[in-house]
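Note that subunit A is present in both complexes that follow, paired respectively with subunit B and with subunit C.
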Partner chain A sequence: MPQQLEVVQRLTAHKGKVWSASWHPSGKMFASCGEDKTIRIWSQDKNDWVMQTVLSDGHSRTIRDVAFSNCGMFLASTSFDATISIWDKKGNEFECNSTLEGHENEVKSVAWSVTGNFLATCSRDKSVWVWDIGANCEEFDCAAVLNAHTQDVKKVIWHPHLDILVSASYDNSIKMYKEDSVDNDWICTNTLQSHTSTVWSISFDKTGNRLISCSDDNTLKVWQKYDVNNEEGIVTPDNEPTWKCVCTLSGYHDRSIYDVSWCKLTGLIATACGDDNIRIFKETESSNKKNEPTFELETKILAHKQDVNCVKWNPVIPGLLISTSDDSDIKLWKFNVKK
Partner chain B sequence: MAELENINPSVYKKTEERPLTENELNEDVVDPIDEREVFDLIRDINDPEHPLTLEELHVLEQSRVTVNNERGEVFVNFTPTIPHCSMATLIGLSIRVKLLRALPPRFKISVEITPGTHSSENAINKQLKDKERVAASLENSHLMQVVNECISITKQSQ
Partner chain C sequence: MSGFSGALQLTNLDDFITPSQECIKPVEIKKSKTGSKITIQEDGTYFESNNMGTQKLEKVEITLADCLACSGCITSAEGVLITQQSQEEVLRVLKENSKAKEENDENNIKIIVFTISQQSLLSLAKKFNLNPEQATKHLSGYLKLLGGDYVLDTRIADDLALLESREEFLRRYRDQKSFKLPMLASSCPGWVCYAEKTHGDLLIPYISTTRSPQQIMGVLVKQFLAQKLNVSAEKIYHITVMPCYDKKLEASREDFFNDVIESRDVDCVITSIEIEQMLASEGKILSEFEEKTFDWPWTCSQPETFVWSHESSGSGGYSDYIFKYAAKVLFNENVTQLNYKNLRNPDFREVILEKDGAVVLRFAIANGFRNIQNLVQKLKRGKSSYHYVEVMACPSGCLNGGAQIRPESNQPIRELTEELIKMYQNLPQAEPENENVKIIYDEFLGGNDSDKVQQLLHTSYHAVEKMSTALNIKW
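Coming up: the complex of A and B.
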């Protein structure tokens, strides 16, 4: 039987840990970053992925995360040097046009809101910052400093359609935020508690009504949104939707799970684990999707020689997955549906 | 230097040097990494407070080192000299850094406090396990200077 997850290409330009990678919204390009303080831009040339540019003058320490804006015109990078750089993509050239300062130490993650209104960043300093994006991304004003977490914040992501922000932390919790329509203040609306150790990453499904989280406690958790006056009778305090953990996937991972990606095209879930493996999960067909969903392990593959740090599904090409590792490699994978 | 936390620690004898076996001297034989080898890499780390090694203070003991060469796993328990030792994180980090540098990258290194020997063992274990925070420490020149002093053999007492 052919492998369900097959390596398409191995890319080896980085030195040291490759912490993160991010697809361009076109699916034809991606950026990677890591310990070597560089950002590398890769694009597809016929069938091969080739390095197009190295951006090496943006940061003085490890670059922890990169993210393309949804319009595809900008790239944000965050670093242990406590800054965020915004790169303008002009044709195939990238130019650093703004550096955002304010965090007290390492910036761990960055995310652009789908609406294009906001940028979010989070840091070891326990805070999440929301930045208001001015016209043409020329100005970034701090719209909020959210201090809801009690520890190091590892990850920020935005809802796939709305300006709802979610963060994950070393304090074992996940928090959600929105802008209060009355006074434009950002408020924490939900705290999702169930993990027993650091929550490393989170990912929405395509509807935005479900969220998956991965943790240092070696489990994945699926969270379901329950609206006000839901038919299940789930209590919704403060007239805000409630999020409940409806599924815990334990016993599948042997070490910390550093990243999780829920494919918006196929519904497949990929995880990056400290045991060097990539795993793919699929929702079971007979699953009661809303209240008690069940998921099964589709495949598991020894993907890298060291910890896998990041997995991301391509936003356009179904089944194309990228992974990055401590072993300096980036790998592209193709998921073949079982016949 | 600040006042010593543990003024009069118990001092223990060092382990005898390990005699080399015939296989170890033979370049053609691949020797698996074992407990004694890992212990030898870390036993001479200096205590941040005293001119003594972690072995002499019984912070490290060979019996608290576990190695699974095949699976590429190294597990080290260390025992702070007192349950409120403020140096515990620094000591754990020094052990981790020494092993990260000395062992092949295929090894997964776990460094934890011996259960029941420190008042904040869970918090310290979590910090030492967090590879992102360890990676950030490695880029902190001030902290690395302190760690390097602990690891360096030149300052070791004879």
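Coming up: the complex of A and C.
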């Protein structure tokens, strides 16, 4: 019987840890980055993924994260050198046209808002920055510096449809932010607390009404949004929707969980774990999916020789997963639905 | 939450640690001879014993000045501040002083001087539902009851700061070979501290050397007032009441410690919110205290009132005032109304003067940390076309200082700030060029261009070198 999660291809170009990867919105290209201070662009040539370009002059230290914009025209990279680089995609070439400075030290994560209006970054300096994107991504103004977290901020992501920003931190909490229209400043609207250690990563489902988080406390948590005047009668302070943890998946991981990806196409959840495994979870039928959802482990596979740092579902091709690891490998996986 | 402004809340500037936990400041310790033993007593004290006998070891103390000179972090300083610059410290000093007075202990009796900022006055007036004029009187009554010998407003220092800033601007404008424009305001210590610690070499040449009103008051109190009262400076204990915590850092700068007279220009800074707490701890409200007038020890002509506004911005009116003056002197234009245009957000706005279709003056007000960032990036890329920028670390400027009294119940802070801005704009307008200021220049400073003016009304800044330590990397 074939494995449920099958290796499609192993890519070995990076030297040292591969920290992160980001799919191009077309699903036909991705970027990877790592300790070797390079960004590598990969695309599909017939059935094989091949390296197309190496961008090696953007940063002076480890590159921690990369992200393609939703329009597919730009790539952002963040580095321990405290800067963010913005690369313009011109055909098959990439050109660094802006460097964003302001963070005090290591920049950990970067994300483009789906509307194309904003870029968010976060850093060990405990702050989350929102950058206002000018026309053609030529100018980036600082729209807000958010000091809501008390520790190192590990991850920023945007809501799949709205300009709502979410961050996860070493202070064990998740925070949400939105723009205040009166003075265009950003305010923290929600603090999600339940994890007992660092929250490493977060991922929305396709509706944006649910969020999953993964932590150094070895658990996954699923959070549900409750709108103002919700039928469950859940209190919503300050006339803002509130978020409640409706499911904790514990006992599946024995080590820190570094990344989680909630597939917008299939609803599958993939995790990257410090025990070198990738796990795939699927939501099971239940009578009360909103308030008491249940999930089961579909499969678990020893995926790498060291920590798995990043997992991302392809945005177009169902079941295609990418993973990156400390063992310097990038792997592409195909998830086969059980017959 | 930290009380510091957003600019100081970035990592190294806002670690909530006590120095003992993570402080990386190397401290000089006298080396003991080898062959000695260190023992720890039950109470946690350390004793060193060697063939010379046994000796108690002193704890290493990190002072605020150490913190300011170190790029490791600032506000481990926060813990340090609490012991050195706080209401407790003020109350302790006042108590000791009244004891010295009771015992007729002439050597230890100090003259206690309070200086109250306009922003704190308005914050207290709002909180206790008084008009600004009444608030000054009740506050004066309260502080005098506590043991204050003089209660002063900042008017004279505000005037001097504006006059010095406008002259400095003209010097810089006329000699752009030696000076780079824009000139950036220097009265916000959060901004100055951020500039020194993160972009020292880039930003310091732009920052106005004019001292902030707090530090000008410091000089006037410790030198001019001391001279008038015929006492030495260390006889005076000078407390300021300010709208922001960052002012505590400013008062602690080495630059404002006078070696000759061995005295700090401002001994202790407390804030609006701390006055509120002091009153609350006694279960009192401000209006309970007898009305007493503020003091005016500077000249014979005491002003009619002690609350004033300087132009339209509650941060001191720098941009407005310098703009009008420069328009008049450089371009012979009488500007009465300034029309600021909002840029990306209402806290970054600019005003221009056009002459024959060309922009000859471009001023801006940039409040809040995000706008400081945008300004810094513009300067870094050489894309700034400003001649002057009034930079303040708090959104909406000093009336919204980090240590202003919080709103009642659920009122948003922004609304409260709006009300304070309205109150400020309704105050009588101060004209900085006046008889009293002239007397200070003539009698105390030895003229408008004297060395003493440069020495006492100006200061300098110091880039803090970044420590490159790889010890702290966390993935």
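In this section, the second predicted complex is superposed on the first by the 338 of 339 C-alpha atoms of A that agree within 3 Å, B and C clash if a C-alpha of one lies under 4 Å from a C-alpha of the other, contacts with A are read in each partner's own complex, and residues count from 1 in each chain.
We take it that a contact is a pair of C-beta atoms (placed from the backbone, for glycine too) under 8 Å apart; a residue touches a chain by one contact, two chains touch by 3 or more.
Just so it is clear, the structure is predicted and the values come from calculations on it, not from any experiment.
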Touched partner set for A:Asp163, first subunit B, second subunit C, both or neither | neither
For A:Arg124, select first, second, both or neither according to whether it touches subunit B, subunit C, the two together, or no partner.
-> both
In the superposed arrangement, which partner chain does A:Gln306 touch: subunit B (first), subunit C (second), both, or neither?
-> first
Which holds for A:Asp171: it touches subunit B only (first), subunit C only (second), both, or neither?
-> neither
Once the shared chain is lined up, is A:Asp185 touching subunit B (first), subunit C (second), both, or neither of them?
-> second
After lining up the shared chain so the two structures overlap, which partner does A:Asp65 touch, if you call subunit B first and subunit C second: first, second, both or neither?
-> neither
So, does A:Asp152 touch the first partner subunit B, the second partner subunit C, both, or neither?
-> both
First, second, both or neither for A:Arg255, with subunit B first and subunit C second | first
Based on the superposed arrangement, let me know which partner A:Glu106 touches: subunit B (first), subunit C (second), both, or neither?
-> both
So which bits of subunit A does subunit B touch that subunit C touches too?
-> 80, 105-106, 124, 152, 170
Given the complex, residues on subunit A that touch subunit C span 80, 101-102, 104-106, 123-127, 132, 141-145, 147, 150, 152, 170, 182-185
Under the touch definition given earlier, write down the residues of subunit C that touch subunit A in their complex.
-> 6, 9-12, 14, 16, 198, 344-347, 368-371, 373-374, 376-377, 380, 395, 414, 473-474
In the complex, go through subunit A and note every residue touching subunit B.
-> 17, 35, 61-62, 64, 80, 105-106, 108, 124, 152, 154, 170, 197-198, 216, 255-256, 274-275, 305-307, 326-327
In their complex, what parts of subunit B are in touch with subunit A?
-> 105-106, 108, 126, 129-133, 135-136, 139
